[in-house]
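The structure follows.
By letter and in written order, the chains are A, B and C; residue numbering begins at 1 in each of them.
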Amino acid sequence: MSAARPTGDELYELIRELYPICRSLTGDGVRETLRILSRYVPLEIHEVPSGTPVFDWTVPREWNLRAAWIDSCDGRRVVDARDSNLHVVSYSTPVRRRVSLEELRAHLHSLPDRPSWIPYRTSYYHESWGFCVTEQQLASLTDPEYDVCIDSTLAPGSLCYGEWLLRGRSAREILISVHVCHPSLCNDNLSGIAVSALLARKLREHEREYSYRFLYVPGTIGSITWLSRNAESARRIAHGLTLVCLGDPSPFTYKRTLRGSAEIDQAAALALRESGFAHELIDYFPFGYDERQYNSPGFRLAVGSLMRARHGRFPEYHTSADDLGFVAPAPLQESLDVCSAILDVLDGNRVYRNARPFCEPQLGRRGLYRAIGGEPDVADLELAMLWVLALSDGTCSLLDIATRSGLRFGLVQRAAEHLNAHGLLEARASGAEARETACASS
Amino acid sequence: MSAARPTGDELYELIRELYPICRSLTGDGVRETLRILSRYVPLEIHEVPSGTPVFDWTVPREWNLRAAWIDSCDGRRVVDARDSNLHVVSYSTPVRRRVSLEELRAHLHSLPDRPSWIPYRTSYYHESWGFCVTEQQLASLTDPEYDVCIDSTLAPGSLCYGEWLLRGRSAREILISVHVCHPSLCNDNLSGIAVSALLARKLREHEREYSYRFLYVPGTIGSITWLSRNAESARRIAHGLTLVCLGDPSPFTYKRTLRGSAEIDQAAALALRESGFAHELIDYFPFGYDERQYNSPGFRLAVGSLMRARHGRFPEYHTSADDLGFVAPAPLQESLDVCSAILDVLDGNRVYRNARPFCEPQLGRRGLYRAIGGEPDVADLELAMLWVLALSDGTCSLLDIATRSGLRFGLVQRAAEHLNAHGLLEARASGAEARETACASS
Amino acid sequence: MSAARPTGDELYELIRELYPICRSLTGDGVRETLRILSRYVPLEIHEVPSGTPVFDWTVPREWNLRAAWIDSCDGRRVVDARDSNLHVVSYSTPVRRRVSLEELRAHLHSLPDRPSWIPYRTSYYHESWGFCVTEQQLASLTDPEYDVCIDSTLAPGSLCYGEWLLRGRSAREILISVHVCHPSLCNDNLSGIAVSALLARKLREHEREYSYRFLYVPGTIGSITWLSRNAESARRIAHGLTLVCLGDPSPFTYKRTLRGSAEIDQAAALALRESGFAHELIDYFPFGYDERQYNSPGFRLAVGSLMRARHGRFPEYHTSADDLGFVAPAPLQESLDVCSAILDVLDGNRVYRNARPFCEPQLGRRGLYRAIGGEPDVADLELAMLWVLALSDGTCSLLDIATRSGLRFGLVQRAAEHLNAHGLLEARASGAEARETACASS
């Protein structure tokens, strides 16, 4: 209640704290991350044993990395995972032996166009080992042989994810899903982790209409695992967002749900328009993040995705350049504000029925309308009340009314509260009830 | 039948005759106005007693004004309602006493940006008194005290409105609604009164398909009163127009119904396009004139609004500058022509079913198609017949066909008459039957 | 099977062979044309007796022309049908007598704006005789009298058309309809005849999903005759095209079906977009060619029209300038390719249901997805598989998926084949089953 307003600095500091941790699909890096997040979100931690079938997939073995390096035969350490978590291909099997340069090169990944950056590569579902190096490091490898060591374990264990349900007045849920499997990458997706954590803290400040489910899951396999174990909960999800790449200074991008005309799509469009920030609304496409799983034909949950720089479209994507210099407090704070605004629209959305539907009710005698007539302009709040009365026939939501009228959602909401307080509206749907809008309109 | 074609001059003269009358929501000014209108429209005059409940409202007391002035203490008359009806705030309660300049100023309305214009203000539902003055008059008031007099009565009486039903072949109605509560303002809305009056006279010249209901009502409370007393009649209203601000030289503006895709919306769009006059089609918004009441959720009547300058958007709006110099014969005549054209489209609209639906019928042997083939162009009427035959499957109206083909409505109508005369069409719906168009189209 | 790929030259040579034949609605010119076409298409030839009622029409008498000329009284032949079939108005009744210049001129047609071109005119349904001449010929007629001869017969006989059904796996049909009634005009419509003939030959090379019906009919009366005798077959027509004006170098024009959103409309739009050729998609209008009959209200078959220069819109239309110099091998070949591509899209279109609809199936363990993750781009085929999985909920066709994703149809098709081979899709509709797409989309 008295929590200080989270700031960009706090978001940035959280990213800085999480940055060094070596995360992957599974393993202690994820656990450590969730432990830190628990300071903000009272997470329930789930451990799902390796081998558990989850729809078409199987929970993989658990991977942990202790150390990894490449040494020259005369003992120089030319690559060391202590310098960057990205140096090791995630899920690399253990290896410790002398290899020829030729064999080694077959296990190396680099970025010819970005000679000083380390790429981020994974081999989750294909047993192999590898190193990611800068092009400069690659060029320096000229000895005939090297000693390589990946001191990892890939063994039965469990997949770990964190979950928190903030109960609101309604059992209908809004899902916030964030992936936690990326190692030292700031925008993708420590930014989403940080923004969601402070968002969760903020949502707790006041009672909400919807219940909110926060999921911190390893990408793809994590959301698949959750969905396979929570069919019942999934049915309660009315709207959702994956939060990704929210720390860079690009304009906002909202990726619509597969259906493309869901309430979350409308809410995001409105909140972004009202934010005044540059933004783009883009259509759904079936790659990216966990929205793929939520929107799959068997679920078709209305989950969109909020980001700034677009997945795969910025040069720093999945490289060591997605570091603490690529994200900044100001865009992080803006992202938190926009997320918050989208959720406020959804949470405040209502469908009313005009309780005096035959002609306009007399607002003036209730003190809701000016006494002196004849002026050319209508005050904003009066105008908003007229819009609410005109469209509230039990099919139009406040969001529909704000969209159609071009008025700010908050003003429309305030108008509805005034009218409601004077008995001029009947609630038709609690805000969190499912509905398809078939709003009277052109 | 042999009535001379109404002209812009006649419209302008009617406005000139009505201009000096002091109208308000109620009172003798309205009665005098309706008496003059009865020369054109055989109005039935209704008197509804003060205190009558009408939906959420109550018919107000009747207001009449005999005289009003402000005198300096040395007897100079500085403001006099005989100079302009606008000088008195409409529905001002009686007052006759000496007041301090400070008290007086609290009762004065002026337009700082338009120093020589008098604003038009009302206080229908809030008991008070006031004067509207020019900024120049306001500046000249420098004495410490003034004598003010408003010799008005605000007392039980009645609300008066005029109504005329022109019966057509069908009981389904087209509503023409005009407000009659504005005093000496020409565009808003003596222009609507004049245009509707001569429109009514014109409609009587030939039998019509629809019945036409003309309402002359005080704004807001008048349409509410009518609707509250005529639920049965309201259900027969298929389409409607409020006519406002039709005398100035601006391009036309058609404000759509709340639904936005009603037949009247389609007819107005087509008639305006065919008129060749500059025009704009705008979406519904819940302020303006009596269309607000007709489109309210309990009625949702398809009533649009035809105007030239837009409500509240022209500087002269609700000021003494909306005078006899602001309106002119030519735009008035054009407005009458456009109204008439819209109604002709609605009245002539039909849904047919092609009586020879398997392939095209042979038009040539019926003399409906040229004898010699091979030319690259099709004559307009032949083309229109082909369109009517192609689309008349019992769902498309002639208006749909004109809209889709881009042909003039009159040509499509003539084509249908030719085809009908040769037994090639079956009437599916009399023109005035309600229908939602689900016309076969892309 | 081993047929050489048809070329533009072969198309052009076929046009050259057909050019001199004097075709009309009926008569030996049509029979000779169908005989030549039988080299490419195993046509079944139908003869329908004059006088047979066909819907609102009657099969006309058969017309044949042996000779026609205009001689000066001193024996100079000033017009001779041996120079151009166009010189005689088609269906001219026999005449052989001396006429005054004045009478003769009433029977002459010319093109004042194109003094060296002969127009093409017909008088199928109105008994008369006439000549079409150049403006220059017309000017040279200065004698007071001329001898005219039209040695024609107009007598009971039959209307002749050709038909071929290529049976595919499904009984549902795609219709290719071409008119064969035009005499020596190359673009309109020897080009359509030639393109369709080589298209037919090409379709025979591999088994098809749909059955294909090729109709070679005289314009209007021919398609009416066919429809009146084949109500049962008509019901099996799922999609269709009329092929017209395909030999000139203009951009392509696809004229949509009357409904405007049929699968053929979507397929033509996609195939033309993928072709890279300039093209325009235009809405249906009820004149042009036999698509008028197929789209009539009693049938509403989804038949569009593919052309290059638009019917009636090019100066050479229906004149002697639509000759062997106006068409060329290259555009003919392109037209054949585009036709073929449209049919391939329709034939290959399928609706699947994702067999693993809950989340994405694990493509990697099936070898359908790369082993190393983290790269910013998805390979085209992987991307196409993701689209197919995401949208295949039993309502979206592969054509819908290609349209929505912007991916090439062939790639989407290949992705579906891969997924199908791995048991990840269930066929919901055989490609040729009727369906209205209600694809999950924005």
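Methods note: a contact is a pair of C-beta atoms (placed from the backbone, for glycine too) under 8 Å apart; a residue touches a chain by one contact, two chains touch by 3 or more.
The shown structure was predicted, so the numbers you read here are calculated from the model rather than taken from an experiment.
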item	value
Topology of the chain contact graph, where touching chains are joined (line, ring, star, complete, other)	complete
Interface residue identity across copies chain A, chain B - same or different by half	different
Whole-Å gap separating chain A and chain B, where each centre is the average of the chain's CA atoms	53
Residues of chain C whose C-beta touches two or more other chains	none
Chain A contact footprint on chain B (complex, rising order)	55-57, 89, 109, 119-126, 128, 130, 220, 223-224, 227-228, 256, 258-261, 283-287, 292-293, 295-300, 312-313, 317-318
Complex contact set, residues of chain A against chain B	353-354, 356-362, 364-365, 371-378, 383, 386-387, 389-393, 405, 440-442
